[in-house]
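What follows is a short report on a single structure.
We just call them A, B, C, D and E in the order they show up, numbering each chain from 1.
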Amino acid sequence: MSRIILEIKDFSMVFGGLRAVDHVNIHINDGEIVALIGPNGAGKTTLFNCVTGVYKPSEGDIAVSNPESKVIRTNGMKPNNITELGLARTFQNIRLFSSMTALENVMIGRHPKLQAGIFGAIFRDKSTRTEEKQVVEDSLVILKKLGLKQYANEPASSLSYGAQRRLEIARAMATEPQLLLLDEPAAGMNPQETKELDDTITRIRDKEGITILLIEHDMSLVMSLSERIYVLDYGKLIAEGSPDEVKANPAVIKAYLGE
Amino acid sequence: KKEEGAIKIAVVGPHTGDLASYGIPTIKAAELVVADWNANGGVLGRQIELVIEDDVCKPEVAANSAAKVVGEGVVAVIGHICSGATKSAMGIYNEANLPAISPSATNPALTQSGNYPNFFRTIAPDDAQAATDAEFIDKKLGLKTVAVLHDKQDYGKGFADFTVASLEGLGIEIVLYEGITANAVDYSAILTKIANTDAEGIVYGGYHPEASKLVQQMSQMGLDIPFISDDGVKDNTFIQVAGEYSEGVYASGPMDTSSNPMSQKATADHKSTYGEDPGAFFINGYAATIALLTAIENAGSTDGVAIMDALRSNYVDTPLGNISFDENGDAIGVGFAVYQVQNGVYVEL
Amino acid sequence: MLKVDNIHTYYGNIQALKGISLEVNKGEIICLIGANGAGKSTTLMSISGIEPPRSGTVILEGIDITGMPPHKIVTMGMSQVPEGRRIFPQLTVLENLDMGAYLRTDKEEMKRDLEYVFELFPILSQRRHQIGGTLSGGEQQMLAISRALMAKPRILLLDEPSLGLAPLIVQQIFGIIVRINKEQGTTIFLVEQNANMALKIADRGYVLQNGIIVKTDTSSALMADEEVKNAYLGV
Amino acid sequence: MNKVLKEIRTSALSALWMMILTFPIIVIKVNTINMTVNWRWINLMWVGTGTFILSWLWRYLLDRKENGSGLKKTDTKESRRFSLHKSLNDKKMRIPVLSTLAVLVLVLPLLVNFYQVSIMTSALIFVILGLGLNIVIGYGGLLHLGYAAFYAMGAYSYGLMYLYWGIPFWVALPLGAVSGAVFGLLIGFPVLRLRGDYLAIVTLAFGEIARLVLENLSGFTKGPEGIAQIPRPGFITKLSLQGATIYLFYICIALVLFTIFVMRRIEDSRIGRALEAMSEDDIAAQSMGIDLTKAKLTTFALGAIWAGMAGVLLAAKTTYINPGSFTLMESVMILVAVVLGGTGSIPGVILGAFLVTLIPEYFRALSDYRMLMFGVALVVMSIFRPQGIIPRVRKHYIVGEDQS
Amino acid sequence: MKYFLQLVLAGLTKGSIYALIALGYTMVYGIIKLINFAHGEIYMIGAFTALIIGGVLQITTGLPPVTILFISLAAAIFFSAGYGVTMENIAYKPLRKAPRLTALISAIGMSLVLQNYVLLAQTSDFLPFRSMIPNFSFLIPGKSLVTTTQLVIMITTVVVMIFLTILIKFTRMGKAMRATSQDKVMAQLVGIDINKVITFTFAIGSATAAIGGVLIANHMGQINFYIGFLAGIKAFVAAVLGGIGSIPGAVLGSFVLGMAESFGAGYISSAYEDAFAFVILIIILIIKPSGLMGRNEIEKV
């Protein structure tokens, strides 16, 4: 039995009168690829926002376990502290540091893994120097993994949409997460590009052992990639199971898939 | 040393920015005097040339302006206008051995501390003025309690502080002592506060723009107690701006200049040349320029030490009267009197 | 109806369009496909005057609109669903829709059209007083499309209308596009990544690569084209 | 030909409009006391002709800027302008260029007169201020309108410590930096949640409060009267004014070099990157593990250190300080230096600081028109160099040869 | 109690004065998010124009003061609007796509230009601004509480606020203004002529400033070329305190400032008058980081 990395218990998020997420229970095991799907406005992104600390959950519990299986409750924690626990994410509306280069974007991702403080920066002692060198190297490696190396010195804003989406993944990976949360990584990509993304994500899980939770509306990607699927509708969990189970679930077909 | 060409004299003060109206009249005064003298053959047989520099009344800019005019080879300085700027500039003039005559810097330390040996002024220091006012309040007005306001600036606060000291010495009670914000749009709150004390009069240290707003609002509020102020208010602009509200206001200032023919001439010249009435410290600037040029004439040279000696040892006729300068650089003969606005003119009491 | 002739568009010193020519006839659905960064969005922006081309001409119904300010072009009956949705973030859903109908004065008709878009997207109706900026991604996309419909355009430019929408809605969207094309005779110029779907409903298509049109044909021919299949259809 | 006619028409219309617009203020001068009106019709002619010519020139230049005609020309200009910057990055050129510069700077005070040294020192102090504010605005992306308060902290640290304990310059300098930093942290805490212009206004408020306190606590700070006779730094013995000024000039040079050195290091470090990430997108930055609280406080403290030092230098240079030197306008001018030169760009900010201090000085020849022309210069430079005069150039990392 | 009421009135007076300037400020600020440093100068030019035109009329004609007041007010509105629009055209329009801070520098430059232009063309001195507002006889009994000018200022503030609110909320132009302020590109794509909208906004904002200039000058009794600087800063503070772009917010922010200053001066010390205003400002913004009436800047992530 593998360890549960993320456990969401009886969790709700309320905006004014609107219950965007309604008593949801979700758990993610170490090493899985899990998808979260559902109609527009179902509350998927909101769930991500709460898990990563951007919003404060209204009710319920969110807990993350670290590699030593110590369980830490993260409700109300700041996003940066959650990142330090090994959660990293991408954003549905791309949020890169747009005037920084692709490489610098990834270097920012390395931030929590580095030590150098202000005095290190100014005096640039030996350890800082090696660290700095290491950051550049490590970041380049990550860029290469996502096929972005040729854009290393380009400002992020000048990359095409698809490249920007991949750069978001690269930046999130730079924090060395145990769990990577991807919000619609294939949006704006054509079917060919989506296929390449499929391979990339599989590789990240297999090679790096990073667990993945993704939101996606592209069913071809979801079905081929994920091992388990959660379906949200109007904030409520309406289905859970393997791709085949979900595909055949009448409630899901009615609310989401169509036909 | 080259003894040919024009003799250069610097005029330094705020010529742009919020305090420009205190600096520009002195330029005009100097220009008028110099034009007069140049028409009559200049000084020491040489023409006089003005070097005009802006210091915005800021110490750090004043230091640069001072360095600039020293570099231009001026022989003396008319200025600066603000005491703070003057203090930062004086070090440079001392070093270069240049006398500086200010028409308006009234901070007592400038003459009394001994730190600024090259400094002269054609205006009395704050403490002397304050003493005059305090005595007037005590003897003539017979007030027992007063409220003291100032504009939180160098000049106004200095005056207010010295007045408070003098008044307390005379046993008059200060029921309120506060700074007000210069340039504010309304003073009803502080005036209301004063109305709620038993102050029999208001002493204000500062300049005329705030004073005219204060008296206007006092009258509108029906706060009918004497308003006593300083030389910054004893200015015709005050009467023009405050109009009817200025009636009855007391202000101290140098003794009887309006009847002085030189002063009348200076004002008339200003009107004919610039088409308007002169502004603040115009007469002081005029007197400073005359005193300086006369001193150069008397010294027979443009050497700083000689000029300073001449300033100290000779009396000269100026619109301020017949004046000279004492050891510290304060003008002798620039006494103070208290005036009151009566029928739209300041009348000496 | 719309004729684009050899336009070159730059972002600063970077050339994004390198001589694009295309034609859209009245009543057609035309689809433009291409990889990320090919210049699809730029083409739309150049047509609508936001990024006017440095050279070349754009002709709308016989009138040269090159270099015309965008709002004038809109007056001529063109409307756009831009890339990135561009919802007015501080306005409510209703206000956003109202803004779409900025140029219209026919109050009664507008009311009916409002009912129409709410019928198309019931979720918007539920969210009608919510601030646009807080809508979910897909809801915003629906709002952007509805807003463009509210203008009752004669020609509609759509930049990736299906982006971020649930499969069910995607099918609906394409249905709607066909419907307004058929029912109201609106000419459609469609940019899509979901090329399979787009070509299915389009009459003709253009393929854009690095700022140049490399292919144009009927939709069925393009769908059968090997190169197109490999590069864009993912089969 | 048609085009020329059209241009003439537009210019004529602009001229006419400006003549109407400026009419009351330019032409009429009333004296409500003497009840006289002075009509200065001649001025209208100046406005008319001036606008006619300038509007033509203006449109020509704007057109050139927009449409990039003469693109090549600006390109070469660009490369020339950056040549210093470039040659500094070129290893072979670095040593000769730097040493020439060094020699030039070292002998400068001996070549020019006292005034020039004095304004150069002022400019150098402003460079330090500009670089310090650049941390807050350029890197941290926080619009700070109360920077003069930090500057005042430094100046008053020296002024007061000298006044009460006779502490000398060299002790005051680091203490000024420390008090700046402490003050920066104090301001930093309450404003953590604020963004954009809401932050700007609160910093403005802090700046003004600081000045008001200096003004009103006259028992302690000497109030508006200010602190006079602050000593210039002495070198072994007390120096003459000339000597002290030149000495201070060298001290400023050294501190500017030190500042540049530190700035370059910060810019290119983990901390610098974190600040920049925060300024670009704070939510994404937080999601990358950056602690915003820490980053913001660091920004304020780091920025304030330099203002503190600059303040000590100012006090030493003018020997007199009063609250009037630390007004909102001062904060604004430092901001102008940063943005005009190029937000985030070290050489840009340096140039900006020089321009902001030296333009008004060298415009002295224009006398009355000095500040008018300075204003015009600001508008024109903003429009024709919107990214700053020397925009920031990002570091280019060598990606390695293998293209696999 | 009477003292308290007097302070409230003093605060109201000050508040309405600030509001009159802040209203125009917040219009422009709301739409192009520019910290318009030169707004205060437009206000100053309004006052100067009224002084000049009023003076000329007074000297050369025998019109009654009220007529002169209205003519010079009209002139002030016309010319201030003209200056505002021209300034936008020259100094801000080319910077629409530039970084915000660059536009701010241009505004600072413009402010210096206008200040020194008036300084050079007119004078550095304070000029008396004769009150042109006749005294209402029904106010005479309560003279110590409120003067005619104060009353006129307060009423005008309310009227202008209502007018602007209606303009923005209910008119087509207002709709266009809101769209333009949020997304200029999209505004164009729904058919809005953003140049026209921005020009209009500057015209209205400047006209409001002119009204402020004339009335406030009436109240203060004097003007010079520098009065705009502080006015502009206070307007900026009030506008931000109220919530950027919110018309009622600007008025509320102004009243809070006015009251803070009045009570600070009345109960503690007028030396720290401004400091109280700023302290209140800081406290309010710490509690409510997007101003009193500002919509919380919701950011959907």
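We take it that a contact is a pair of C-beta atoms (placed from the backbone, for glycine too) under 8 Å apart; a residue touches a chain by one contact, two chains touch by 3 or more.
Here the structure is a predicted model, which is why all the values come from computation and not from measurement.
Asks: Spelling it out: a chain qualifies if it touches subunit A and also touches subunit B; which chains qualify?
Replies: A chain counts here if it touches both subunit A and subunit B, which gives D, E.
Asks: Need the central chain here, defined by C-alpha centroid distance to the all-chain C-alpha centroid.
Replies: Going by the distance between chain centres and the overall C-alpha centre, it is D.
Asks: Report back the single chain whose CA centre is most distant from the CA centre of subunit C.
Replies: That would be chain B.
Asks: For this structure, which two chains have more C-beta pairs in contact than any other pair?
Replies: Highest contact count belongs to chains D-E.
Asks: Could you grab the centroid distance between subunit A and subunit E? Build each centroid from C-alpha atoms only and quote it in angstrom.
Replies: Roughly 48 Å, centre to centre.
Asks: Using mean CA coordinates as chain centres, what's the subunit C-subunit E distance in Å?
Replies: Result: the chain centres lie 43 Å from each other.
Asks: Between subunit D and subunit E, what distance separates the C-alpha centroids? Give it in angstrom.
Replies: A distance of 28 Å separates the two centres.
Asks: Using Cα averages as centroids, what's the distance between subunit B and subunit D in whole Å?
Replies: 34
Asks: Tell me, which residues of subunit C touch at least two other chains?
Replies: 134-136
Asks: Taking each residue of subunit D in turn, which ones touch at least two of the other chains?
Replies: 29, 31, 33, 215-216, 283, 368, 371
Asks: Can you list the residues of subunit A that touch 2 or more other chains?
Replies: Each of 45, 54, 91, 93, 95 in subunit A touches at least two other chains.
Asks: Can you name the residues of subunit C that touch subunit E in the complex?
Replies: 48-50, 69-72, 74-75, 79-80, 82, 86, 88-91, 95, 98-100, 102-103, 131, 133-136, 147, 151
Asks: For the complex, give me every residue of subunit E touching subunit A.
Replies: On the subunit E side, the touching residues are 300-301.
Asks: In their shared complex, at which residues does subunit E touch subunit D?
Replies: Those in contact with subunit D are residues 33, 35, 37, 45, 48-49, 51-53, 55-56, 58-60, 75, 79, 82-83, 86, 90-91, 94-95, 97-99, 101-106, 108-118, 120-123, 127-128, 130, 233, 236-237, 240-241, 244, 271-272, 274-275, 278-279, 281-282, 285-286, 289-291, 297, 299, 301.
Asks: What residues on subunit D touch subunit A, complex-wise?
Replies: 262, 265-266, 269-274, 276-277, 280-281, 283-292, 298, 302, 394-397, 399-400, 403
Asks: Taking the complex as given, what residues does subunit C use to touch subunit A?
Replies: Within the complex, subunit C contacts subunit A at residues 14, 33, 35-37, 84, 123, 127, 130, 134-139, 141-142, 160, 163-171, 193-196, 230-235.
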